[in-house]
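The data blocks that follow each hold one structure.
In what follows, chain A forms one complex with chain B and a second complex with chain C.
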Partner chain A sequence: MYLFIASEIMLFGSFFTAYFFVRIVNGIPWPTPPYHLPVFVATINTVILMTSSATMHWGTQAIKRGNVWGMRAGLLLTFLMGTAFLTSQIFEYMRAGFNTSNGAFPTIFFCLTGLHGCHVFVGLSILLFMTIRAFRGHFSAEHHHGVEIGGIYWHFVDVMWIVVFTTVYIL
Partner chain B sequence: MRNPLRSEAEAYRFLGVVIVGAAVIIAGAYINTWLGVAVAVLAFAALGRWLVHEPVPGAADPARVVASGTPPGTYRVLVVAPPGTETVTVPDGAEVLVVVPALASTLEALTGAVDDRRGDAEATAAALEARLPGARVEVGADDPALAVEDALRVFGADEVLVAGDGGMVDAIRERVALPVSRL
Partner chain C sequence: MTTTAGTAHDVHQAPTGGGGWRGLLLRGGLLRGAWMFVAFGGLGFGLVVLARWGGGWHPILATEPLVLVAALVTAPIGFLAGIGAFDYWAYYAMGYPTRAEDHSGHGAKSWRDYLRVNTDHKVIGVQYLVTTVFFFLAGGLLALLVRAELAKPGIQYFDPQTYNGLFSVHAALMIFLFVIPAFAGLANFVVPLMLGAADMAFPRLNALSFWLLPIAGIMMLSSFFMPGGAFACGWTGYATLCSSHQPIGAIFFNQGVQWAGASSIMTALNFLVTIITMRAPGMTFWRMPLLVWANFTTSLLVVIATPFIAGSQFFSMFDHVMHTSFFNPVGGGYPLGYQHIFWFYSHPAVYIMMLPGFGIMSEVISVFSRKPIFGYRLMALSLMAIVVLGFSVWAHHMFVSGMSSWLRVPMMITTLLIAIPTGIKIFSWLATMWEGKLHFRTPMLFALGFLSMFVIGGLSGVMLGAVPIDIHVSQTYFIVAHIHYVLFGGSVFTIFAGIYYWFPKMTGRMYDERLGKLHFWLTFVGFNLTFFPMHILGTEGMPRRVADYLPKFADLNMFISLASFGLGASVIVFLYNMITSWRFGEIAPANPWRGMTLEWQVTSPPPIFNFDEIPQVVGSPYEYGVPGAQHAVLAPSKAREMEEVPV
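Take a look at the complex of A and B:
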């Protein structure tokens, strides 16, 4: 687990290094005029993702108490909200009005949010399998390690989104 | 140091901490950029301190002591022989289980690169098995105390003999409620 955390810190750290280099060392305005970041949509997305963590936690706690349907509902809601987040992000990219050929700002923006989006995609894949297994009755109060591990990954993805959202969209 | 992703519940709690930290940093930066930087430095320092000093669940619990009973009329000896041990002397008439812990460095244990160390332990185990007819010889975990705990779960011993250094003897003695002596 420590190696996983360390590798993720290095991966995201390399992109954040590029971000800080572009924004602080080179002093490039963020976002570079005339472009604008869709902060409102990103904020809605953030709320969706944080809510999905709550439903993930609810699902995990439910199965720990032997509530199978609570777990199924929690996982399904989490999957749906994660899908909504990723879909919204794809539309955000399509309507951004800039692309990676428009300079350092868009490149870093797409790299950081895209890297996080890849993590969300992996998390959704894990969630899909978890949800299918949950509906097939593979988990119980005694055996729910798969839900626990998937939950940890999903919360980690949300932690990284808070960092990305704060630095890229807000600050 | 506490792992914030140790369990789902802890990861969820960590997410809450990160949200609060981000909100404080944003509030500071909204007032003044340098205030935001200062708040960020303080928030990261506080987070690091929290992770380092927050007690790890179960760490305060007393160490588990493993004891094991022996069937009547038998005397069983558990021998711990580190890799490289050429031979051991065991009491006559005793049932003997020799455990060769696959000792690994901290780096090897952390990275899981213990295949070579396990190979060394297997070579030692094969050599001891040839020299100790009637004795069972097995390869154990990379931690000698853990290897002894594992062995005692399937082999009720009256005594533990250690063919290692004093540190290894002390580490096993702390975890095992049986007579432990050095060979």
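Take a look at the complex of A and C:
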């Protein structure tokens, strides 16, 4: 699983390389006027996603101690927060005021956040199935490999968001 | 993720569909694959139309996103789900009882079993090899068409755009659908056997990564039938040419590479986990055969590098379809960025296409020289050195691209440096053969052919690594000659050596030695007659990738074209030998080459679970001619056997 994460990090790495070429080598203004980024909304989104990482951790720890309801609550909260993140991201896209064909800044913006959004979507699908299984009573203190693996992925998605958020919105 | 050990004896029967027509349509197989292919294609089509209608974009029925999403993404997923590649995971995810792997599907009783999703690594290995040989034939035919066009100056059979399509698809098929997966196929069959394991670590993932391949290959081939023809900007698909001015076939290339790349990443992860966790007792890292080492290092390269080509193809495709500006300077993009990202994968990729071949060579040369491999540890360490250095040489493909000139000299130095570990390997093989008892069977002939050809290709590589020479011969036939000496004289010869070497193990029958030798000599002579003159053409300035050329090159080109048809004919000998020997060949003994590695210690073909008893590894795999040396003891130990149910 960690090897797979390494591979994923390299995929993000290639997108950041494109970011590097456009922003550092070409030196385009960021964000390119007349566009601007909704930093406030994105910050709230970041907080949501960070919290979801905490609930994910809570869920994993709960099942390790055999607390099935703790795991269910943790997974469900994580799922809801992930969905909230993705929904507000979609609204952000719709109100961005620019689209992919408006030059290099929108290109990089959409592709970095979009790649991350795809990963959130995959993470959510995994979470959904994990939650279904959790409510069907499939995990126990001894057998919770499925929760742990999904948890690793979800934490990876969150850490990646911090990097994307810092490079795209803040710097 | 695929743990079934706890319930190995507790077989749940999941719904598999009833009998009759309805059952046939619902059961996982090619038929369900076909209708789900169409259904998912329709789903993707609908999604695009819905999104464009909802977003108010015009025209709603734009061809490019439709083809991209419907035909190239969702339809293949439908096919995969249809043939049953996702069955287990789907049951697992929905919380239904899964069909625990009872291994009833292992082994192949008839040829039909090869057309199903099968989790047996030996079946998957053969599936890989047959598929890749098919694409080798397709790619080879395209090459012959290219040579037919080049036989005479002027335009004969194809207009320039079609010609560009021919050599582009030729290269893409040979690289992504033949060399890389053929090695994966051989390793799939051999690596678990060599490790003393019953299967790969993730058998279902293994099956899935095989089934992605035919999708990628058919996608690339079918680009010929698209309006405007196949993708035609070379296998490198440079932006901005490929990302803006190309017909729709270009996105078939972008997308085909994604499927092939996903397949090789999954396979590589599988190999890494298998090699790290499933070695037999006593099999330390320093007792692993070099083929296993080679696949370990290759897999590291694949896992780290392949996401970069995925990225580069995404960018190129987005520039094409969504009019983004990754590489479009008008919108602020950076055109050279494509080449940097692409070669950051594609230079390691040449080692992905070479290291497993090095592994095969170490096996073959040691066995047929009846001597221990010379400098075993240094052989393994030089593989690791190639992995590390391989990431530091990418810009030597870009000396003439207009990149910052300060990058040239460091890249030249690293390029010359990376010749050192390769040189270590060459000299180790020579020292292995030195004073050995050489047996010139077909695999050994191919190994010797490889050594001599690869040295020529490697040396012309060192020449190309030097900036002044590279600037002179860039984009000429010298490059074509170099790449074919390393990829055909190098990789393809090792693949043939590997196929002949393990043919008895895979099929349980011997190949015809006379035909094998005939195949070798035809290939060897045809290869040199075809590609050696290209060095001369290149230094005299004949450009590559152009359908027409100056009349002064006519004689040599006619010669090359004739020789290439001879080379093409040699493949017929190979095919005839393989097919007839598979059916009617003499029954093979368990260990026809008197090899010491574990795969030769079991019957040919191996038992369904590879080892009836867990082998205990006690020594080096290459102690040929050393009195009393043993690699492994296959002692009965029934208690252990129960634990070795693959998880």
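For the reader, a short list of remarks on this structure follows.
In this text, the second predicted complex is superposed on the first by the 168 of 171 C-alpha atoms of A that agree within 3 Å, B and C clash if a C-alpha of one lies under 4 Å from a C-alpha of the other, contacts with A are read in each partner's own complex, and residues count from 1 in each chain.
Criterion: contacts are C-beta pairs under 8 Å (C-beta built on N, C-alpha and C of every residue); 3 or more make two chains touch, one makes a residue touch a chain.
Quick caveat, the model's predicted, so the values are computed rather than measured.
When the two complexes are overlaid on chain A, chain B and chain C occupy overlapping space and clash. Within the superposed three-chain model, A:163 lies in touch with chain B and out of touch with chain C [touch as defined at top]. Of the two partner chains placed by the overlay, chain B and chain C both lie in contact with A:3. When the two structures are aligned on the shared chain, A:92 is found in touch with neither chain B nor chain C. Touched residues of chain A were counted for both chain B and chain C, and C has more of them. Of the two partner chains, chain B is the only one touched by A:50; chain C is not. In the superposition on chain A, A:155 makes contact with chain B only, not with chain C.
Clashing C-alpha atoms between chain C and chain B appear in just one of the listed stretches 45-53, 279-287 or 477-485, and that stretch is 279-287.
In the superposition on chain A, the residues of chain A contacting both chain B and chain C are 1, 3.
Chain A contributes residues 1-3, 5, 50, 53, 56-57, 60-61, 147-148, 151-152, 155-156, 158-159, 162-163, 165-166, 170-171 to its touches with chain B in the complex.
In the complex of the two chains, the chain C residues touching chain A come out as 1, 3, 6, 92-95, 265, 269, 272-273, 303-308, 310-312, 314-315, 318, 322-326, 328, 331-334, 336-337, 340-341, 344. Against chain C, the residues of chain A that register as touching in their complex are 1, 3-4, 6-8, 10-11, 13-15, 17-18, 21-22, 25-26, 28, 32, 100-108, 110-111, 129, 132-133, 136, 138, 143, 145-146, 149. Here chain B touches chain A in the complex through residues 3, 5-9, 11-12, 14-15, 18-19, 22, 25-26, 29, 36, 110-111, going by the rule given at the top.
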